[in-house]
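Next, two complexes with chain A in common: one pairs it with chain B, the other with chain C.
Showing the complex of A and B:
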């Protein structure tokens, strides 16, 4: 039984999502609290986007949202469907760069650009799907790694300097006035949070749906799923398409928020970052991706501030300890624990009510 | 006398191979034809140089790919830290080669640390008491305390080391000094406290860590074997005598023939990296044999740590490793004529109307061939090789037959790491040292493996040579340009296209032949 199944108990919607609702409430209140407590500014500072800790921390939160969306999409591919892809960064990079190029070089508006980006994302996912039936396991990892590194090479090659900015990175992407990350930080913050919540609910629904169950079956034993009559190829392709669109969305937010998009987002290092995030949160537990992204970005940021050169070393050591000692991640471990607690509680209740069990 | 069975004729065997492996043969023929066409577009005098350079790149790639392939075949672990072991091997080789004084200073504390660990069995009674406390955390606590104490003792030891943040004392400067012959020993460091206390503290700290580790599996006799006691005494004695006679040892190493020192550095690096490889297998891979994806992740994390460590210790900038002087001579009597002048001390040799660099193109290729033959013989002709081959085919069966697979796993991991380190030391003088060199080479090695067949040892060699020659052809075209009919200027592939071309070759070959050119189907 997988961790995903363990957690799905049928209770009213509002009870099941109480943590999410609390999280959304906290996220909305967060900038105000920071503005009042840390900055000592009036609450109007938040929607007037005055400089200060509130604005800065909103920016950090937006970065977390981008990473969370990206990590969640990787969790769908690796954690839920069990596809060992090492080219996930390609999904993100294609989204980030194509939105940037459409806005900057083609001069399109935000909405049509986003629609085109989603179309491109589907095409990229189909490219991965073409490879699917041919190579399995490590072969698939290698081919996807290859595809991603070719993308990275094309992005950073001097031949397309006018569009991609080559080694320097893509800069000067015009963002629409109503969603400018500096002038309208609070609005950008709310929009990105909204996107994250929507995508999260969608993913929860997807994993709980019959399609999601088939994906889990593919991960656990593909031959068996095949024998039961599921055309696993189409399920995997579907997962890839959804993941690619999500990652492209994350990439688009990244382009809109960051003043410069570097070719590093297409590298193996960025795929590894996604791996790290879902490992921190818990592989195969969609919500773990959000927790993982937050922990990852914040540790990275504060370690960098406190230890400077040594921060990456500490991150690497932490990563190894995590794999060895907390393999199910924060959310995974918490779920198994809380299940055990729930079991104990129900046993106690049975005992107290006098029935001696079965 | 009549022969009862006739050997199948060549024609028969060929037709059988054709029906069985038609697709492989066609792909191999197409790849060969492409390479010939690629070479044909170059000037005839470039052919030999390009092929030799391709073989040299292939030899380095092969040294990494072969270990990767053995480990993958035997234990189903894709060791993503293999490139970083290659890189660390190069850095360690550089250290032993250019800074023997630092190496000597490092050796003493390491040998002293080994001494208590060699007496493994002696700690079992204590380990049992710790285990009886009932929590594994007690053991981990001891390990942590031991590590802390060790670090404190380590800080007391004298260490004459470079400083990457000061240009005049950085590895870059020392490499240059070696080349112009002005390399001198660094001033010797002094103990940060009484020497006796430092040594004792290190022994005690290592013993505490050893007790902690033993407590995880304390069963067995509490009496150390004669070998263990011997090793412990030798390590301690060696460590102490290095401390006592440091000056003489350093002077001796600096006075040594630099080419000889290069070989010595290679041996040191291979031994150390093999030990690290064995340690990685025991400490990181073994606990995770039933969780394959986590093994992949942990090797990735370990590689990441190694890169950061190297950046911390040797500094971020790239620097060169000087060539051994026996392959770096110029002037009188150079370039040499023909292969016979390989050891004449010239840096280049005239062959077939082309100038070949003795180190880059001949020495490296030679070592690559020796390793290929040696490891092939080891695998084909020895008992260990038989166990490895059987293990690649069916690990569980070999285990059931009573072979201690664990030890074989550790040995193969150590051997693979050692081969990577050898590759690193060899590659250092030709491609330079940088923390990122491992990642680049790992990509090449993975591509070579995918092309040749993931778990096939000859496949690793074929794939590596193919990748090497293809890369060199593209690099050469980057200089001369390809005249294309629809372009006015000849098309010059930019440097990033070199890896891209090999990646494309890999993707195409994997799509046609999912098991590579020489690999066998998984099921």
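Showing the complex of A and C:
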């Protein structure tokens, strides 16, 4: 077998995506199972959107989808392309607020609004791209943080209260009847799952494409990529545009689903949330963003419910253990199969004893 | 008849008060192996950086095949047929050997932004990578991570990455740096083979005098940023000024 065959022969599509297909099946069955087993309701309760655990958990799943899309877009920027951006929340916030304002104040329909939001997302990405050749590494992080902070200030400012709701938040955004998050919860759930699957497949393809390979090369050694003949600026700009559009789509779903959108979505805390999600899932793995978002939202929700005031402490401890035992995240560790518990234990011992040796 | 491929004209580079390269005019003929030698700090690497577009000169021009390439951006250099290696190994350390070379082959194609197709569908780049890896003798290690290779093999990989886009000019900055002595002849033979079989022009910076004298067609000697002498290996080894430049500094060191 020649090297070309070894390097280019793939397992069939259905085999490579077996986990995704199982996940889709599970996601479709999930509300029905909850309705029957937990609520003891007939299966028609699902499409009739009757109140109960099934409806509530679908809502939680929609929140996970929003976060997964958002985290995936950050993974493209940070994990795949190696661009340290601290302003990623701006992509999400611009999407969330633009859609809300277009629907509410401009009175446009959902489809034209979404198209305009995508256009705005491209412009925001270009704003980041302008900075790219001028500052690298930590400088880029700080400038993007600044851009996001300005966005946060504009959103919270009372000057634009009529449009953004200022620091109270954006409320009363009309959602179309066919996609009402309460009356049509099951449909909203299916639509958001569908969006996630589509975006995921697109990202998988992108990362595996010649373009994605160059982005990884940029992360590994940008100067070398330049010397090889790649105009790395355009590749990074491309990654920022795709990520901005994805995050804006996540923000749009967020606005459609949540009764209120607050300025916090433009804050540093929300960028850090994306960072945590891809750390949990595995940096640079794409699918890790989905796993990370699920773990992030569910632990946050249930720890808060069960332990209330202690939950933040527990989450923090959880992250430390995660970094010690699964330094490549859940998906990253699964892929490298290097999850030796002993290694984590010795790292923990070193941390506690204060020795630095590796 | 001389057929000049690379010509520099009054090339000068200042770093603050330091003049690293001072009025260097060199002509390199097509299809030759041309070495640049000189004591440490002679400006050899700066000269290399200027010709390959990594840095821009303070004054002077660089011509490739008659075209002015002085101010082209660094990522266009390879599209003009200049491939360049580095004194310090410069790879994609966390990628496989194959992917390092495949990326180098892909760079000169026009498929970089085909983001909707898997890279595995572009088999031309993979087969080019296989060809080059076979040439340098690394095909067995194609799926190893580059940073896990021994140093000698990393130097070979570096060479493979320059060969992959099939450039007309190979600029090699100390390709044998840090290699074990017994590996040097093998790499030099490889470079010589690539040059003669592919009818390439090789510009070589090298410290190993044995290598330089035995393989070069022509030699340019640099000292303190300027050209001290130029000629065939025989002419250079007979040149009194060169002996002084090399040995003179040695005498001074000895006091």
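To be clear about the criterion, the second predicted complex is superposed on the first by the 327 of 358 C-alpha atoms of A that agree within 3 Å, B and C clash if a C-alpha of one lies under 4 Å from a C-alpha of the other, contacts with A are read in each partner's own complex, and residues count from 1 in each chain.
The working rule: a contact is a pair of C-beta atoms (placed from the backbone, for glycine too) under 8 Å apart; a residue touches a chain by one contact, two chains touch by 3 or more.
In this text the structure is predicted, and so the values were computed from the model without any measurement.
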Checklist entry - Here chain A is shared; do chain B and chain C fit on it together or clash? => result fit
Next on the checklist: According to the stated criteria, A:214 is in contact with first (chain B), second (chain C), both, or neither; which is it?
Outcome noted: second
Checklist entry - With the two structures laid over each other on chain A, which partner does A:149 touch: chain B (first), chain C (second), both, or neither? => result first
Checklist entry - Of the two partner chains, chain B (first) and chain C (second), which one does A:238 touch, if any: first, second, both, or neither? => result second
Next on the checklist: Once chain A of both complexes is superposed, is A:230 in touch with chain B (first), chain C (second), both, or neither?
Outcome noted: second
Next on the checklist: Once chain A of both complexes is superposed, is A:324 in touch with chain B (first), chain C (second), both, or neither?
Outcome noted: first
Item to check | Which of chain B and chain C A:105 touches, first, second, both or neither | outcome: neither
Checklist entry - When the two structures are overlaid on chain A, which partner does A:44 contact: first (chain B), second (chain C), both, or neither? => result neither
Checklist entry - For A:182, is the partner it touches chain B (first), chain C (second), both, or none of the two (neither)? => result neither
Checklist entry - chain B to chain C: minimum CA distance in the overlay, Å? => result 8
Next on the checklist: By the touch definition above, which chain A residues appear in both interfaces, chain B in one complex and chain C in the other?
Outcome noted: none
Checklist outcome for this item: As the complex stands, chain C meets chain A at residues 52, 54, 73-79, 84, 90-95, 98-99, 102-104, 106-108, 111-123, 126-127, 129-130, 133, 139, 142-143, 161, 165
Item to check | In the complex with chain B, residue positions of chain A that touch it | outcome: 78, 84, 131, 134-136, 138-139, 141-143, 145-147, 149-150, 153-154, 156-159, 268, 272, 275, 279, 283, 309-310, 312-313, 315-317, 319-320, 323-324, 327
Item to check | Touch list for chain B against partner chain A, complex | outcome: 72, 78, 284, 287-288, 291, 293-294, 296-298, 300-302, 304-305, 308-309, 311-312, 439, 443, 446-447, 450, 454, 494, 496-497, 499-500, 503-504, 506-507, 510-511, 514, 522
Checklist entry - Once bound in the complex, which stretches of chain A touch chain C? => result 2-4, 6-8, 10, 205-206, 208-214, 216-217, 220-221, 223-232, 234-235, 238
